[in-house]
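Order as written gives the chain letters A, B, C, D, E, F, G, H, I and J; numbering starts at 1 within each chain.
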Amino acid sequence: MPDASLLDKFPAPTDQPFVVEHVSDEFTSVCPVTGHPDFGSVTVRFEPKPANAGGTCVELKSLKLYLQSFRNEGIYYEAVTNQIRDDLVALMQPTWLQVITHWKGRGGISSVIRATSGTVPCEFLTMTK
Amino acid sequence: MPDASLLDKFPAPTDQPFVVEHVSDEFTSVCPVTGHPDFGSVTVRFEPKPANAGGTCVELKSLKLYLQSFRNEGIYYEAVTNQIRDDLVALMQPTWLQVITHWKGRGGISSVIRATSGTVPCEFLTMTK
Amino acid sequence: MPDASLLDKFPAPTDQPFVVEHVSDEFTSVCPVTGHPDFGSVTVRFEPKPANAGGTCVELKSLKLYLQSFRNEGIYYEAVTNQIRDDLVALMQPTWLQVITHWKGRGGISSVIRATSGTVPCEFLTMTK
Amino acid sequence: MPDASLLDKFPAPTDQPFVVEHVSDEFTSVCPVTGHPDFGSVTVRFEPKPANAGGTCVELKSLKLYLQSFRNEGIYYEAVTNQIRDDLVALMQPTWLQVITHWKGRGGISSVIRATSGTVPCEFLTMTK
Amino acid sequence: MPDASLLDKFPAPTDQPFVVEHVSDEFTSVCPVTGHPDFGSVTVRFEPKPANAGGTCVELKSLKLYLQSFRNEGIYYEAVTNQIRDDLVALMQPTWLQVITHWKGRGGISSVIRATSGTVPCEFLTMTK
Amino acid sequence: MPDASLLDKFPAPTDQPFVVEHVSDEFTSVCPVTGHPDFGSVTVRFEPKPANAGGTCVELKSLKLYLQSFRNEGIYYEAVTNQIRDDLVALMQPTWLQVITHWKGRGGISSVIRATSGTVPCEFLTMTK
Amino acid sequence: MPDASLLDKFPAPTDQPFVVEHVSDEFTSVCPVTGHPDFGSVTVRFEPKPANAGGTCVELKSLKLYLQSFRNEGIYYEAVTNQIRDDLVALMQPTWLQVITHWKGRGGISSVIRATSGTVPCEFLTMTK
Amino acid sequence: MPDASLLDKFPAPTDQPFVVEHVSDEFTSVCPVTGHPDFGSVTVRFEPKPANAGGTCVELKSLKLYLQSFRNEGIYYEAVTNQIRDDLVALMQPTWLQVITHWKGRGGISSVIRATSGTVPCEFLTMTK
Amino acid sequence: MPDASLLDKFPAPTDQPFVVEHVSDEFTSVCPVTGHPDFGSVTVRFEPKPANAGGTCVELKSLKLYLQSFRNEGIYYEAVTNQIRDDLVALMQPTWLQVITHWKGRGGISSVIRATSGTVPCEFLTMTK
Amino acid sequence: MPDASLLDKFPAPTDQPFVVEHVSDEFTSVCPVTGHPDFGSVTVRFEPKPANAGGTCVELKSLKLYLQSFRNEGIYYEAVTNQIRDDLVALMQPTWLQVITHWKGRGGISSVIRATSGTVPCEFLTMTK
């Protein structure tokens, strides 16, 4: 079951601006309607707050374990995407954050869900992944 | 026969902004003039209203069955595209919605139809699919 | 001989905005100077007027027969392109229309002709085909 | 020797706007310094004046013969490009015209020369050929 | 251990504007959590101050040795990126500087970190590496 | 040793605007620190002044010999790039000029140096070579 | 329902050897287990008997109508492939014949079925389609 | 837990030779050492015995469910591949059968396991998937 | 109407072995069943007899005119291919000859016809065009 | 006019076997029928005799001048190819030699001519250029 308590963070190492991007190509959860597994990728992109404003970054291994906690959860694509956005925003209160999920075809239909928090700079809005 | 009653929806899981994209590469209907089958892809992209404004998302399996209901319908490309746009707008009243259909060659001519509702952000207007 | 009377149309299925694109990769006519055959592709892209303003769409099979009627006509690239633009504008009075023709090499020279009517949105002006 | 009298033209077939593009991948002339042959491509792109303003288009076979007349001429890349621009502007007085020549490596150096007349729309300025 | 004292510089050779870009595809450090090696690339891009304002450039061999000094350091991606940015800014006080690190997949997750100092011109903001 | 006296020029053939681009993929010099050979490419792009303002173009064979004169010179990438810019600006006083050098990997690091004089039009600023 | 009586043939035009290949990328039938539509491509490749031995070729439009007759049939991939092989062998008694069907993913699984009659020359056995 | 009883079969539809290939790009199991999920693809390729010799084919939906039954099993790549081979051979006794599994990188290492039963024709032995 | 009398030849220039290949990407004829135009490419490949055995080669311009003579002929793909093979064999009596025609999709089906005379060396049998 | 006396050679530097390949992408001659220029590439590949058997290699600059001597010659593709083969065989008496010429499209037809002397090893027979 998705478990935000798995998420860990560490203080942003600087007051200067920087942007973090993590892409997992090995995400899987379960369709709540059919019970069949869903496979996809998850992109998380964010700008932490400056260190002197209490900025933090999600720790990578904890992010991996958190994403793995969806493995046997029956959950919609849209809910996965928004929950990841919400859990990471709650964890870090970043300046902005973007989550993009790509889902392999199911019944001949592939899907992409994009969720944001704050104002994403335009050079990232047009990235396909 | 195209059957909008097959479409099902669920409440948007959040008040935060997000964008949904579904692409079916396995669409088929019938040409109303020649009776021959048409083959193509259908892209549906939309931003639901926020949950607190009654926003909803189309359920994926119901979308699959709805798209399959065109299988033996004699209908123009343009009518397919606009009907999908209209049926989904009626279902969800989304903030904006975009439908793009690509049709394989018939008589040596391939076609693309793009239909919109509301104001589609420019980063999506330039996507080819 | 090019025959605009072959063109047929049907009422636009909606008052909502949509854009139609037809690409034929099997166009041939005859060079009026050398008598040798020319080969190329024809892209037609347009936004019909809304249905409640009398908007119409060219019917696809009639477009195929119309394009085939150029087969043995001795005619310049530029005239082909402008005649298709003019015949389709006369047929449909669309909000805007764009015709792009690509011609295979003749004497080592390949050519592209672009003709427009009305104001083509910029996301279509930069398409190469 | 380059011979502008080989160029022929015909009246623009319409008052509506259109753009013509001819690309020859088989251009050759001679280096005036070393006497060695140069090989390259020539792109000519222009918008003719409207027919009712006396607009004309260069005839394609005459353009081929004109480009072939450079074959044994000792002439710089820059002069080739500007002479083509000048000869075509003198022939047609187009609304705008663009000539781009690409030259294969000589002494390990490849070259591109771009010459314009009038105001070239920005969607053509960024084309690489 | 990362050692900024390895970095050497030389005076900018001119008062005119220029931009320097160094890309190392052979960067390795150690994950501070798992102890496993990380592999990635590091892009450093900057505009030095003019020579008459005391501008300097990082010397390439010293940059190589500096990047190699991270080899056995247990350090986060984010800290690597910001430390390189900070060490180079301290070394050169450039007009602007951009550091982009790409990290190969670990636990199925690949990452990109982007850090900047000063105002990076937009033609560089959209570069993927 | 780099020898600007090798550079030759000829008068711009026209008062009309045009842009010249020369790319050498066979540039080599020597690293001043390690004594090892460096290999790379050099792009020179400029708009000459109009002929009636005394505009000139660098002669291609002289450019080749000039670039070859760096062969055994121990010199930094940054100095190569700026010296080429300065020598060509001194030779031609062009309206604007851009020099981009790409350097193959040395110690696993590849580099790009961009130097300009005057105002380079934006369609050239974003070219990668 | 699949209808072999739709297939038509014409006499092989020669006693000399030749090989015919037809590829349809627009095949659809229905899964006999789930009732959902299947989509795929069908390749038919054969060498007719010589004309003087009564050789024949399948007529293309009749082949199209025959393939379309599977549209609403509930039938396994393996049965589709073997039935096409059997119906075409019964129609033409060719020297050899090869049928390859490719099926788009269903439940994340894509499939290829290859069926033969007679001895297929090795240069065709290794073709992927 | 892997469950061969989920596998279902149906009689081969013909006595003629044919080859079946199923590729799942959505396979996941669990590493028995680290407990982390593994992701990969599974290719199953076989020639059934002729119908008159009792030949059978694995039913596709049952194959999907069987592959999904590995989802939470801690099992080596090699064991996965051989078990699938063994379970399918036990189910069908095919003339020959080939299983190829591709595994995404873990700790920077990607893997491919190939297992066979009977004599696989050489045109399939050289396929990469 | 196809006219073999348009074909011209010239004596093979040598007794040594050589192979000639001509590819036309601009072939068109008419479907004898539907009356619609067909488009495709024609590859002709042959080894002439040695000059001292009366070997000849087809003249290229005559081949072009011959291929153009099919333009308005209602004729099957198979008949086109075999007639070209027969007419060229009658013209030249080559050591061997191969004709490959590729036809664009009609009714969603694309086709390839391969016809040979004599023994084609294996390095040419596996060429796709 | 083609001039074999331009060809120069030097002794093979060894008794050991080696293979030489020269490719010119800048070949031009003139069509003897139409008088129009032809453009193409020329590949020359050979194994010299051992040095102790009097083996020689063609000198590269002399080969360039020799190929340029065809520039204004009216000559068939086949004759160009065989003459180059014959002139080089006469010059060097190599163990084997292969000449492949590729010709850009003329009248929509592109051509390839392959001529050999001696026994070309099979790994070179299948090269497309």
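Details
One rule holds for everything that comes next: a residue touches a chain if its C-beta (ideal position, glycine included) is under 8 Å from a C-beta of that chain, and two chains touch if they have at least 3 such contacts.
Nothing here was measured: the structure is a model prediction, and the numbers come from that model.
By residue number, the contact pairs of E-H overlap by more than half with those of exactly one pair in C-D, A-G or D-J, and this pair is A-G.
When the interfaces D-J and G-H are ranked by how many C-beta pairs touch across them, G-H comes first. Work out the mean CA point of chain G and of chain J, and you get 46 Å between them. Look at where the CA atoms of chain C average out and do the same for chain H: the two points lie 51 Å apart. Measuring from the averaged C-alpha position of chain F to that of chain J gives a distance of 36 Å.
Chain contacts: chain B has residues 25-26, 36, 39, 104-108 touching two or more partner chains.
Two chains count as a pair here when they touch; such pairs are A-B, A-E, A-G, A-H, B-C, B-G, B-I, C-D, C-I, C-J, D-F, D-J, E-F, E-H, G-H, G-I, I-J.
Chain contact summary for the complex, chain C toward chain I: residues 25-26, 28, 36-37, 39, 68, 71-72, 104. Chain E meets chain F in the complex at residues 10, 12-14, 16-26, 57, 59-61, 63-64, 67, 123. On the chain A side of its complex with chain G, the touching residues are 36, 39, 104-108.
Every residue of chain D that touches chain F in the complex is listed here, in rising order: 31, 33-34, 76-79, 81-83, 85-86, 105-117, 122, 125-126.
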